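Shared between the two complexes below is chain A, which has chain B as its partner in the first and chain C in the second.
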Partner chain A sequence: MRSWLYCPGNSPKMIISAPLYGADGLVLDLEDSVADDRKGEARQLVAQAFAEGIVSAESAAVRINGPDTGLWVKDLEELIPAGVRMIRVPKTEDPEGIREICAALGRIERENGIEAETVTLQCILETPLGVENAFALGGSSPRIRSYSFGAEDYCAAVGISRGRELFPLDYPRSRIASAAASFGYGACDTVWGFLDDPEGLAADARRAAQLGFEGKSLIHPDQIETVNRIFSPSGEELSKARRILDAAAVMNGGAAAAEGRMIDRPVILRAEKVLRAAGRTDLLKKKPLGQDP
Partner chain B sequence: MINDAGRDIPENIEGLGSLRPWRLRAPAGRAAGPIHPADRDAPPRQAKDLKDAVSRSGLENGMRISFHHHLRLGDRVMGQTLEALEAMGFRDLILCLSSVMGPAAASVHRALRAGVVRRIETTGLKSPLSGALLAGEIPEPVIFRSHGGRARALDSGSTPVQVAFIAASTADREGNLSGTEGPNRFGSLGYAMADAASAAHVIAITDHLSGDALKRTAISGRRVDQLVLLDSIGDRAGIAGGSIRISRRPIEKLIARRAVEVLLAAGAVNPGFSYQAGSGGISLLVTRFLKEHLKETGIRGGFASGGATGDLVDMLKEGLFGTLWDVQSFDDAAAVSLGENPLHREMSASRYASPDHPECVAQRLDVMILSATEIDSDFNVNSITGTDGRILGALGGAQDTAAGSKLTVVVMPSFRGRIPTVNRRIRTVCTPGHSVDILVTERGIAVNPLREDLLGKLAPAALPLLSMEQLIREVYALTGEPDLPPEGDRVAGIVEYRDGTVLDCIRI
Partner chain C sequence: MERQAGQAVKQDTLVRISDGDAPLTIELESPVLGLFGRAIRRAAEEELARLGVRTGRVRIEDCQALDFVLRARIRAAVKALREEGGRI
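Our next item is the complex of A and B:
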């Protein structure tokens, strides 16, 4: 998924509109964008949006309240029966926290007649400890599908003033992307908060893509087009991947040469990944521009 | 009697006389012959003040006077003139306006209450007049005419104006007028050009008397009878106000981008194509996105027309359009350009939109982008009242451009503030559906079934096409079906079609 658009859970107007903009995924938020005295109202609105099919459980996740708030259990108890199947867990730091959430999910699934382990997790790594534990978290639950980087809290904790420079985030990004790849998870980059700087967004997204991320979280619909473009294989990359796979199809194991380089197993895997990404992003299916999800 | 828009029209209204119902087929013949006032062969008289000018204008109680709205929210001329008329004891005048808003609307409201004015004929009106209409404070029904319909009515003599009060940002001693020079420049004098051509008496009002000849003249001094010099014709900051707003709302950007995709899929963007967009926020965005496309592809349009904006001025400069026909300048960039760029042409309301003008620009349009307050399942468009009956907009040139252009696209969100704008029946029919081709909303695109050719072109582009009924159902699923406030029996407004027949009535 190239683009995950955040949407405040207490704004019916934005929830109704959010699926129209062309993001690959939505994150309906119950955490930071919702004031403490609006949490209950937001939970109800988000549950209703899933129950009435305004958002799709296949492409919309919910960011629940943090493990330190005591609100997350109620979030899950109301949202899972309403149809939510992807949960974004903020401030993930250790396997124990994940196991606690998974235990609650198991109970809720049982109580509501939902097949076990239907609900999946996207872990947000946004503290120095969470980033360091990226490898330790991997495999702590079969529910985990992806890691998501949260730079704002990370920068605040480390004492980095997040500006438009890209290098300060290279370390956490690399560690998260590397850990995600180790476990076959997706890797989603942090938001870009400077809405008046689309060039900065593009540079930030390109850096994340170079470091191994497959997409990015977004805070405004205007960011979707840029991010989808940057995280999509180019036409040239697609052609090259096809040529590599064509060459691989006629070779009898071992290695062959094409595109001026040796074609071996890693190159083939990379080509397959490019075509898979293109398939996920509908580049191969030629989905029409502006088509409602 | 029921007209061809399915609306019940009274046969007769006291004070107005008999009404002609709108018919799909335009009536033959003309309601009246044109007036051709004699041109002056001497410079205009320079009046001491407004009262002095009025006293020599032949104005009597009950006659019709006209104003333009080129000064938009900054207009100080209409207020000063109406105060002078009240002080002179005038009663029961008919106001013929190109539109009215801001402080000018407040001054008309005061004149109504004082009995100076009994009827308003306009393309649109804003608060407090909109509230006064709904409250039944205006003695006679307000007559809404499109810009082309107003020009036609003036040109044909069916609405004879005794005195046209024309504010200009500069004048010379021969009475030549312009809106592109002087401290309060506002650009085109297009609407006033129609008034000057037909009024029995023209009083020009300016705050800048040029000692030299004007760089360019919009209205010849031969059509000006008297000249009045005021301290100020307007408030500079308000002159660029009104309905001009470039939207930053994501939904409106989405609709605008889709509209451009529709234009491309319909095959409407070709070398030499002609284009106009209304003054709504989404329409202005369509122009901006179209500009990007033209720059990318190198396609050069023929002309753009209507209200001129900075974006259109830039497109003209960059050669994306060959000519910009300007009836009204929406911002200072347009006003400056009109004064400097010979390819930026000033046009009268008659030439812009009158159905009787032999070179009507609206009739030559390929693409028209319209905003609206509501649309119904027959593609009838409301641009004056909201679903709840409040008066929100104006007729503008919608009827004229929709009728004239080869492709008319309405752009609007499918609901505003939880109230659906796509409805089975709309409050007021302002532009008949037979002249509207496509509706673009954030939830889908509906093509008028009368345009099967367009359906054939859009379907392969895989745009999110819906029937109007599907779209209405989808919107009602989110908002619920609106429970509309009932209409009363009293006719407080009449919506004329551009040919002078009656499309609909606003009842309170």
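Our next item is the complex of A and C:
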């Protein structure tokens, strides 16, 4: 998923309009965008939006309240019976925290006649400990599908001023992307908060893509088009991937040369990934150029 | 005791619920009362019945909210009132 648009969980107007903007996914938020005295009503509103199909459980997740709040269990108890199937967990730091959430999810699934491990997790790594534990967290539950980076809390904790410079985030981004790749998870980059700086958004997204992220969280619909474009393979990248796979199809194992470089297994895997990112899995099975029916 | 949920802003609805032993009453304000008043009232009655609410006073200030918003706001107000020990 290239773009995940955050939507405040207590705003009917935004919940109704959010699915119309064209983001690949939505994150209905019960955490930072909801005032403490509105948590209960936001929880009911989000649950009802899923129950009545205002948002789709296939493309919308919910960011629950943090593990340190005591509110997350109530969130899950209302959301899962209402049809929510993707949970974004803030401030993920250690395997024990994930196991605690998974135990609650298992109980809620059983109590509501939902098949075990139907509900999946997107872990937000937004503390120094969470970033450092990215590898330790991997494999702690089969429910985990992706890591998301949260730069604001991370920068505050480390003492970095979150400006428009890109390099201060290279380390946590690289670590998260590398850990995600190790476990076959998706990797979603942090939000870009400078709404008046679309060029900065594009540069930030390109940096994340270069470091291995497949998409980015967003805070405004105006950011969707830029982010979807940057996280989609270009026409040239698609053509190149196709030529590499064509060359690979006739080389009969081992290594060959194409595109001025050696074509071996890692290059082939990368080409296949490009086609998958473009939604062109049909091309993965095609015969080499000239042999198509 | 009274609890409320939602806001009187466009596409939202403000629901206030007070406990008490008297039979349930529903008061509804809406800019579209003539067109949709009966449908809004019916949705509120359905949701309150689903929650087992038979007594108390419910005041709804609708600002052209969709059904799912009204139902969510009623559920939140009822839940909040019951958590505080309200009899409803």
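The rule is simple: the second predicted complex is superposed on the first by the 279 of 293 C-alpha atoms of A that agree within 3 Å, B and C clash if a C-alpha of one lies under 4 Å from a C-alpha of the other, contacts with A are read in each partner's own complex, and residues count from 1 in each chain.
Just so it is clear, a residue touches a chain if its C-beta (ideal position, glycine included) is under 8 Å from a C-beta of that chain, and two chains touch if they have at least 3 such contacts.
The structure presented is a predicted model; accordingly, all values stated were derived computationally and were not measured.
Trainee: After superposition on the shared chain, which partner residues are touched by A:234: those of chain B (first), chain C (second), both, or neither?
Mentor: Touch partners of A:234: none, neither chain B nor chain C.
Trainee: With the two structures laid over each other on chain A, which partner does A:47 touch: chain B (first), chain C (second), both, or neither?
Mentor: After superposing on A, A:47 lies in contact with chain C but is clear of chain B.
Trainee: Touching A:118, do we find chain B (first), chain C (second), both, or neither?
Mentor: neither
Trainee: For A:21, using the defined touch cut-off, is the partner it touches chain B, chain C, both, or neither? Pick first, second, both or neither.
Mentor: first
Trainee: Report for A:210: first if it touches chain B alone, second if chain C alone, otherwise both or neither.
Mentor: Neither chain B nor chain C is touched by A:210.
Trainee: Across the two complexes, find the residues of chain A that touch chain B and also touch chain C.
Mentor: Comparing the two interfaces on chain A, one with chain B and one with chain C, the shared residues are 16, 54.
Trainee: In their complex, what parts of chain B are in touch with chain A?
Mentor: Residues 250-251, 253-254, 257-258, 261, 442-444, 461-464, 478.
Trainee: For a test of understanding, state which residues of chain A touch chain B in their complex under the given definition.
Mentor: Listed in rising order, the residues of chain A that touch chain B are 16-17, 20-21, 54, 220-222, 287-292.
Trainee: In the complex formed with chain C, which residues of chain A make contact?
Mentor: 12-13, 16, 40-41, 43-45, 47-49, 51-52, 54
Trainee: Flag every residue of chain C that touches chain A in the complex, lowest number first.
Mentor: 5-6, 9-12, 65-69, 71-73, 75-77, 79-80
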